[in-house]
Amino acid sequence: MDLLEYQGKQLFGAAGIPVSDGRVCTTAAEARAAADEVGYPVVVKAQVLTGGRGKAGGVKLAADADETERIAEGILGLDINGHVVRTLWVEHASDIEREYYLSVTFDRGAKKPLLMFTTEGGVEIETVAEENPDALVRLHVDPLEGFQPHHARALVYGAGLTDPSEQKQVSAIVEKLYRCFEQNDAMLAEINPLIVTPDGLVKALDAKVTIDDSALGRHPELAELRDEGAADPLETLARSKGVTYVKLDGTVGIVGNGAGLSMSTVDVVVVAGGSPANFCDLGGGASADSVVNALEVITADPQVGSILFNIFGGITRGDEVARGILAALERIDITVPIVVRLDGTHAEEGRALLAEAAPANLYVEPTMLDAARRAVELAR
Amino acid sequence: MDLLEYQGKQLFGAAGIPVSDGRVCTTAAEARAAADEVGYPVVVKAQVLTGGRGKAGGVKLAADADETERIAEGILGLDINGHVVRTLWVEHASDIEREYYLSVTFDRGAKKPLLMFTTEGGVEIETVAEENPDALVRLHVDPLEGFQPHHARALVYGAGLTDPSEQKQVSAIVEKLYRCFEQNDAMLAEINPLIVTPDGLVKALDAKVTIDDSALGRHPELAELRDEGAADPLETLARSKGVTYVKLDGTVGIVGNGAGLSMSTVDVVVVAGGSPANFCDLGGGASADSVVNALEVITADPQVGSILFNIFGGITRGDEVARGILAALERIDITVPIVVRLDGTHAEEGRALLAEAAPANLYVEPTMLDAARRAVELAR
Amino acid sequence: MAIIVDNDTRLVVQGLTGSEGRFHGLRNRAYGTQVVAGVTPGKAGQDVEGIPIYDTVAQAVSEGRANTSLVFVPARFAADAVYEAVDAGVHTVICITEHVPAHDMLSLYAYVRAKGVTLVGPNCPGVLSPGKANVGIIPGEVFRAGSIGLVSRSGTLTYQIGHELAQAGLGNSSIVGIGGDPIVGSSFIDVLERFEADPETEIAVLVGEIGGDEEEKAAKFVAEHMTKPVFAYVAGFSAPPGKTMGHAGAIISGSSGTAQAKREALEAVGIKVGTTPSEVAALVAAFAKGE
Amino acid sequence: MAIIVDNDTRLVVQGLTGSEGRFHGLRNRAYGTQVVAGVTPGKAGQDVEGIPIYDTVAQAVSEGRANTSLVFVPARFAADAVYEAVDAGVHTVICITEHVPAHDMLSLYAYVRAKGVTLVGPNCPGVLSPGKANVGIIPGEVFRAGSIGLVSRSGTLTYQIGHELAQAGLGNSSIVGIGGDPIVGSSFIDVLERFEADPETEIAVLVGEIGGDEEEKAAKFVAEHMTKPVFAYVAGFSAPPGKTMGHAGAIISGSSGTAQAKREALEAVGIKVGTTPSEVAALVAAFAKGE
């Protein structure tokens, strides 16, 4: 789960990382009041889960109350890469002497957290990594060792930071960012830019934090933030139903079990000449109820012309899926045709249940490709 | 540093381990008031850092206020293995259905914490270990793994605990005891007995906790407890001077550098026919000031007839020690003879300093054995 | 031989008395796997259709001589269960549980490796060596015994491809579902290394998906260390960039991690990549039957 | 050869700019040890009498080609310093610092072992291989080169015995002070194993003290694994039971751990034990000179 900038900054603040005083706002009037509180000049920042806010006009400076209100009005409702701005963060604007970059990420390959720091801030970190690799200090933390003060020293001295006060401040921030990453089960905790003010104070001017979805159970306060960042009403509905659902732009609704097979089904629908309306993964061990939930979400999309079930049972049982489909047909008014392909655990039982009930708009196909072709054909 | 029972129980209580309600008292009147507060019957327990309190009459039950006061009076001032009782712990007496034993110790050999648990409580744990080894479950915690819930299960099921409520309570106490051990830098955290009341509640009836002296710097609240348990006024004086000092019963005062050499010096004095008055280790890198401090402590013992310095310089420098001896002779009125043997780092410089000053009651000897013989002779 | 599980596997199922554990544990036994014990704390002395239950894995090892553990316990107990199995002395742990927090896996992975134990998963379908042993949730009936080693980040996709191979008359030495989580106990490379060393495996098939760079690393490994032919399939060609698809294993990170980038990396070292599961099965079948 | 430190040792001193670090670091260099670098964060670019200072051990390794580290930093920074040295890739770390918390050592020891690095100490005098290298605070001038390996829990006692051996005309292959803390990086057994394998060592002398059971374990090891003759000395025969004498290494635990018990355990496997430092030196001298 990605956090909005202000949510990340709240975590940073709690971890003792210096951030600017700011307020969350949802109206221009609130923005004006917030600016009065934090003091001018202020920066008004769109809170959306996408990059390029600045270029899209989602981040602006304001010198007084009127300007703040006018700017806030302009940013609210803005569409930035498909994300409509509903929330603003208004903070006291900082004077910037220098810009650095600091992050902790989960390095899946090394299976260790990776610290990255550079004094070459203010540009894309990928550019630094490519063009000036020595300037980007990269350091893994061995999980058997845990974070130690020498890790911070390696970053600070490795990047050539020479001012003793900055060395001290950055070292402290590195340790705090790491603890924040660890304690919040983050997959990423990034400060870009980490700035130095003309007074020599080091602070986080932005915050990008991603939390491990699997760990939200032990962070109820973070789990609550989830829906605030959700963009699509269908995806919000899906989440409330416990369904993994990603909206796409086509006409063939897709239900698979397992991310790999579901993705492969999306691919095969494209190969069969169709356009997928969504990606929907029942996950492992889906019950009949979760099949009903998935169908509720998919049929709520008016673009859907047919629905393709591609199920290869493992922990998921074919008979449960069949029961779910039949239950959904009874409970929901489904007008579009459903194509079903069942294999694996209890697939025969499932096929038998479907054959027995034999609903009018249900088609059973023997292979993945056959099923995809039929669904594409029916969606037209 | 060993903690008194009540200090250990306070740590246990803070860690969430069930203990009885009790009060610390230093007078019989306080004991009476405490008993009124915690409710009768009460148990009055001498707070001394030695075993065998029960047999020595230091632990007694009282049914009412008068009896509490009478018993407290009797226990206060009692000498238990050389430890005079100055502090009491008065707690509400518990009904005991069963007695268990639980501890975490620092296993130096395995270099891992060792958990031990048995339901064969109420006897010496060494007896259980010898006579019924299978009843004593021993389990190391790998530091790279850390404590995990399965460690508690291994103890509980391994010891054959069958009651589900007890299994649950003991498992929770194992985890809490381990955290208490870890967070307080303990070398030992022992509950003997861990009792089960007739109502089925599991709680700690005694507490034996030893804290790592080297870690007291990060536990100022524990470091403060240190002097409360100290027995000998000379040892308290020594600690205030930063000197490692153990009072013995003889007449030859001993100062060495390093525990091994100091101990060996004690042995050699015995071999030479003398009796050591103390063990005093200057440690590594002693300054002239710490030599003065050591001499202040040693000369405060009226039994001392001579003082033997046995110094083999490494990180300690012979010239520093010589300067310290000369400074002490100026500052303190030392009437007993001092025998000095110096070797190792800067020993020649030290010997030169002593030869130059040539105080009347100072004897320099070339070897450890010669020096010991001379000191023994002079002590007579 | 086969890899990871075989006729010598003596399995303890952690969580055998739970509904999933029971269902799949008994299916594994029905397949022919030696399921010698189950572990559920507090249920020692009970049995699941004759399989004795113990309180601890240590008991299952000492009394049931288990050497491999299958973990079916809920996510918040899973790391503890794996630690317990490792400390009890099994040589292999296969963890089916999904949603194990990634930070738990950081420490656990490092510990398991330091102890020299083989971990497969978490969030994986398990390992099947057709005709020998099935440990996990892979539907054994869709696979035939043979000489094709199959390794996959995705469970159901593995069944799909195994199924297509079986329909083409081909069989597998072992099928290993490594799982799609950010940190898994065995990587593509770990498994390919075993296939290379396994005399029963003649061809390896790698089934990847978008996200991460495991496929790219595997391509490099194949080029440098493998003599046996390798085929591949990658799911997610039509996935829109930047969208999370189902689990953390499928996050696209920047320009790398796309299905197309993976395909190119694999093809660059001479690995043939099928566009659909059927196509990779057809490629393998053609090769196995002498083009 | 000698053990642990020798002519190939390239030493970095962590804390070289501190007063103890400087004093002993320069003494080590004066002895002939190759002291190639010092580390003090924030002081890179400075030097200590020509020895370059770096901010990190990694720099000392990459630029100064250090392979061994000597740690002189204060106790609360010592564990961090050892972790840093291990991660920087030195093969040996010798930690002089005393009062390192025992719980810090628990994790550190396990980590250092897992990484295959040799750690000596903490709270130890270091290692001296006469005529080759001196790393730590052992006064090199009291020892001669020779064939007697000396291993000890006590620093000053080691000097005492080395001194007595030198006076008897005998010398040492290496002198290793393992330190007296509850957890030390190298045990008696670790060092005896190296002496057994070292062609330059013909006799080993073990110097123990009351507390713990390291001497008893060493006795067992000598009986089972050593072919070279071993002599011993144990300090603390006159120590009153139950009294702490100076450091945690000298706590008597119950009936075991007394000097007498240790003496008996050593003598039981044929190791001759001297009653005083002079006596053990005399025993070794008599043996070395052909009884």
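Order as written gives the chain letters A, B, C and D; numbering starts at 1 within each chain.
Convention: a contact is a pair of C-beta atoms (placed from the backbone, for glycine too) under 8 Å apart; a residue touches a chain by one contact, two chains touch by 3 or more.
This one's a predicted model, so the numbers in the text were calculated from it and none came from an experiment.
Looking at chain A and chain C, not one chain touches each of them.
Chains making contact with chain A as well as with chain D: none in this assembly.
Note on chain placement: the centre of chain B and the centre of chain D lie 27 Å apart, centres being C-alpha means. Centre-to-centre separation between chain C and chain D, using Cα means, comes to 48 Å.
Chain B and chain C have Cα centroids lying 54 Å from one another. Multi-chain contact residues of chain C (touching two or more other chains) are listed as 107, 110-111, 114. Shared interface positions of chain B, defined as residues touching 2 or more other chains, are 142, 144. If touching chains are joined by edges, the resulting network of the protein chains shown is one closed cycle, each chain touching exactly two neighbours. Shown are all chain pairs that touch, namely A-C, A-D, B-C, B-D. Only residues 142, 144-146, 148-150, 153-154, 157-158, 164, 167 of chain B touch chain C when the two sit together in their complex.
Considering their complex, residues 41-42, 44, 55-59, 77, 79-81, 83-84, 87, 107, 110-111, 114 of chain C touch chain B.
Per the touch definition, chain B reaches chain D in the complex via residues 106, 108-109, 111-113, 126, 142-144, 182, 185, 187, 212-215, 217-218, 244, 246, 248, 256-264, 266-271, 276, 279, 281, 283-285, 311-316, 343-345, 367-369. For chain C in complex with chain A, the touching residues are 20, 24, 75-76, 96, 98-103, 106-107, 109-111, 114, 125, 137-139, 142, 152-160, 163, 180-183, 207, 209-210, 212-214, 217, 233, 235-240, 243-250, 254, 259, 275-278.
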